[in-house]
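Worksheet: the structure to be examined is printed underneath.
Chain naming follows the written order as A, B, C and D, and within any one chain the residues start at number 1.
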Amino acid sequence: MLELMTNSEINVEFNATQPAVKIGFIGLGAMGFPMAGHLAQHFETWVWNRTPIKVTEHAKMHGSTVVSTLEEFGQVDLLFTCLPTTTEVIEVAAQVLHGLNQDSRLKTWIDCTSGHPQEALLLASSLSQHGISFLDAPLSGGTVGAHNAKLTSMVGGSELALEQALPALKTFAAKIVRVGDVGAGYTVKAIHNVVLAINLWGIGEGLTTLSSLGVDVGAALEVINHANGRSFASEKLVPERVLTRAFPATFKLGLLSKDIGIAVDMVGRSSASTPMILLAHSLFKAAKSQIGADQDHTAALKLLEQWAGIELKT
Amino acid sequence: MLELMTNSEINVEFNATQPAVKIGFIGLGAMGFPMAGHLAQHFETWVWNRTPIKVTEHAKMHGSTVVSTLEEFGQVDLLFTCLPTTTEVIEVAAQVLHGLNQDSRLKTWIDCTSGHPQEALLLASSLSQHGISFLDAPLSGGTVGAHNAKLTSMVGGSELALEQALPALKTFAAKIVRVGDVGAGYTVKAIHNVVLAINLWGIGEGLTTLSSLGVDVGAALEVINHANGRSFASEKLVPERVLTRAFPATFKLGLLSKDIGIAVDMVGRSSASTPMILLAHSLFKAAKSQIGADQDHTAALKLLEQWAGIELKT
Amino acid sequence: MLELMTNSEINVEFNATQPAVKIGFIGLGAMGFPMAGHLAQHFETWVWNRTPIKVTEHAKMHGSTVVSTLEEFGQVDLLFTCLPTTTEVIEVAAQVLHGLNQDSRLKTWIDCTSGHPQEALLLASSLSQHGISFLDAPLSGGTVGAHNAKLTSMVGGSELALEQALPALKTFAAKIVRVGDVGAGYTVKAIHNVVLAINLWGIGEGLTTLSSLGVDVGAALEVINHANGRSFASEKLVPERVLTRAFPATFKLGLLSKDIGIAVDMVGRSSASTPMILLAHSLFKAAKSQIGADQDHTAALKLLEQWAGIELKT
Amino acid sequence: MLELMTNSEINVEFNATQPAVKIGFIGLGAMGFPMAGHLAQHFETWVWNRTPIKVTEHAKMHGSTVVSTLEEFGQVDLLFTCLPTTTEVIEVAAQVLHGLNQDSRLKTWIDCTSGHPQEALLLASSLSQHGISFLDAPLSGGTVGAHNAKLTSMVGGSELALEQALPALKTFAAKIVRVGDVGAGYTVKAIHNVVLAINLWGIGEGLTTLSSLGVDVGAALEVINHANGRSFASEKLVPERVLTRAFPATFKLGLLSKDIGIAVDMVGRSSASTPMILLAHSLFKAAKSQIGADQDHTAALKLLEQWAGIELKT
């Protein structure tokens, strides 16, 4: 049922079969900039960004084509969006749709935003009236994965549309999984992110308790990471971002909090009772308010530190 | 500050330096049986178990020596206990102490139970009056780790006592970390287990939500395990125990719930505020009551399944 | 800022000033039936219900006028709806709007459903295009309050519209408070209900703990109700519904759970972090699933009883 | 089973039947000072306090007798303690016991502290070896209740001991309920206080959400207090202490947090699963840390205000 692919065989496939595919890319942020760079290596790629300087820079660095207005994107075959929230996606969609005419060739819209499933359904419905297929294809792997073309993409939408988008997706994603119809990609992403948030907060609570009892946090983490309590959060995030006190803001607390809110909305539409997801929602929202939306998501643990009167470090 | 050791160089060290060390081992359960087996390969090992048949079996299989009464353990140098809870440890300790006399050579007591730090301090204090050092050295790695001698040991107690116990510990533990003074080993173990419980419950809530929304759980898990939400729980426990519906009871829900209770007690003695650990306590206690204390710890997710009216499977 | 009124001076006011006002009432459930009865004492009242037998019964008992199709309600001045959820309100609104014509005199729509604020805004917007003002006016006081005309009404909408609706509202509400613009009434109702749910669950947890420790629940409740821990839940709901094991289903668990869901949605649209409201959401949703949506809301405590293996009784 | 009494018939009873009863009172704090005052109206009352100036003041104001050392309390018949925590009770008990001799007449020890049930059992056991009965008799009603002799007393201990203590208890308590054996009084008090904490935090979350959505908090509270969501917290604490921004520190956040910790310990010894009590524990502990242990308990809601960026006021 699910499709698993790697980006190992990209070059072979592309040059032979899709020489004339034109790609559009809207949103050259920390993720989008390198993603569009990978695309530009294989396709004619048109780029747009709210802050224009990024566009010029991208064209210079990656040979992409600068697009001055969103209305021009009717001229590409596949259009990617990679924006902070669904709100921005809907805004740009209005302008792109406004620019469509008889000569437009846009067939597939791939949104890599960590978006809202319900709003995705509305957007997909609008696009389908113009013969455009929609895929929600949010990503995991962070800015490092974007640079290394090692992202994981969870895709919602039709198998046919995914087939269209696959060669392009493969330029930056090492793992591509279709998880269901439109909205399923966003849903899995939101749930993924709240699972990450729970793992992070859980190890945070554990280490905060140990620290306030005088146990060496580094030794405890060493044990946990050799044992069954380990997670990406305990193996990577805490040692690299928290214990170093670096908290590099590559994935902001405000965005994680937004994603958890989406997960909570989806829980509300499901039959599931999820006390831990809902607790995580409150805690990360409080952390966003107290620590700052622009801080790295791992800085949420500073709330635990404040409560306990300790600092997590080795 | 912390000591990290592997069991690679065991044989060399032992034969030369500690030819006459005699080991005692109380508690031949699913963990203790193979652990005492590893010890018996390198040391004269005396074993005792509440159910005597296990002792005879162990003697036959591993060449260990059957001990008929707990009072005899004064004749060993190092004594291991590996029992369900601290209550049983205190019971056997009373009898062992009762048997001590002028010829006793017992110097170090190593308790591998997932015990209670406060009670450990009392026990350590009693033992020290007889010149016996105490180490709390609970383990992670499960029955598989016990069989393969790949356990992780988190040790509380003096560096000197650990030095005494090290050659013996190395026969079954691949990673040995001293995390602090007496009680610190139990504390780290309890915190480790509640972190594991949180990771498990968190992925359980996420998958339950996805399942009840019609998203393919296997595809979602595939994505999560290639992304930053992954944990030992999502990579091993859920695929191997939950999705297979096997729930092999190698680590019982009742024992995990007990361990989380110890973690909550330690939170209470700390300055930390830990809403997620406390929530996990309630949830696993409710699961123990509704699903059964003798079920595997992963069967706690059946509570989530009941609430949502779904079953997690691929 | 807020308007507080009682229904003491109803009769005087009505006969003089609004002799010809015609009222419509949709939804003759456990609440709506007696409410429409009070209205019919003072106004010409047209009634409709999905199950027609209720309408005939109401006409016979209270002298109200039977309406055969929803399209006819354009002929009333004020229209009340009192339905399970906003979904039903939207359904009937479509039909009522469909029946509007040049002769229609409908000016004010008062919805007494415990509805959803966001959907209220959409409905209010549709109605305003037909010159109809909308008030969300959910109620507290239960079926007893409905029979005794002692309901509390929390109203969202314009002051002018409330002025129009006031004489009618006063026939069944003893306390009428305007809490803000359209949607504010629903919002306060949803928050009120989750506060009630928290009070109920809180005393439930307390008594369950005491009971499982062998403390007499009746004695404990006696103390609590003479002390500062008391609430409507501890003074009325628990003694009258839980300890008696009566659990009369006058306010169903499914509806309370739905209302808490609305509160959670509103929390999501606010800047507030509310871990307890979100926990209550999970617990009552789980109780709805395990105990039954059609049980009385107080039967949620049976979930606590199951977990603890006790029964709350004196 | 339970005994309910009022203090209406005190005077009659006392003068006739117990002319020579001598009372001791340790702890002249905000509660103890007026309580000992009521006792001194009816009995010869000896008082002691850590800060001696309170003792002199009490003697001057109420005619009580100053005791210079705790060892002298063997000379009273009934001894009351009213101290911050059980730790202080145990400290003074050691000194009182040290002073006992053949002429001692101390028969009943009544501890009004909000103490810990487990520690109470130890203390009761020590006292019984000296022929002294122990009652745990914590109070509800606050400093106002102490001044007006309108306290509620929840008593654990034997019926016989309570009978001895009753005339004295009646001087300051309007409601006296025996809730079980030694420890039951403390247990009910701890549960009472966490129920109060839940009610308070629940209304706090509700009002914070409404405030941050722009709903008038005063109007909403008016509605809630006329409806089923009302509680002592919503009717008294929030309007009088929070909305006024007065937060008078008559019952400190640090003490409430301590009491909730006792409740959590008792939950741990019971079969109950209580997610809301455990959540309250974390939240009030965090509030104690962030807002201050010496603030009034209602100031815990300032944590919610900080998270939401609003202030609760009318």
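The rule is short, and it goes like this: a contact is a pair of C-beta atoms (placed from the backbone, for glycine too) under 8 Å apart; a residue touches a chain by one contact, two chains touch by 3 or more.
Keep in mind the model is a prediction, meaning the values are calculated, not measured.
Two chain pairs, C-D and B-C, are weighed by contacting C-beta pairs, with C-D ahead. Chain A and chain B carry the same sequence, and matching their CA atoms takes a turn of 180 degrees, rounded to a multiple of 5. In this assembly, the chain whose C-alpha centre lies farthest from chain B is C. In a homomeric contact, the two copies may use the same or different surfaces; for chain A and chain C, over half of the interface residue numbers are shared, pointing to the same surface. With each centre defined as the average position of its C-alpha atoms, the distance from chain C to chain D rounds to 39 Å.
Rounded to a whole number, the gap between the C-alpha centres of chain B and chain C is 53 angstrom.
Within chain A, contacts with two or more other chains are made by residues 271, 273-275, 279, 283, 285-286, 289, 307-309. Remark: chain C residues 261, 264-265, 268, 271, 273-275, 278-279, 281-283, 285-286, 289 touch chain A in the complex. The residues of chain A lying in touch with chain B in their complex are 1-2, 4, 140-142, 152, 154, 175, 177-180, 184, 187-188, 191-196, 198-199, 201-203, 205-210, 212-216, 218-220, 222-224, 226-234, 236-237, 263, 266-267, 269-277, 279-280, 283, 304, 307-310.
Partner chain B is touched in their complex by these residues of chain C: 275, 279, 285-286, 289-290, 306-309.
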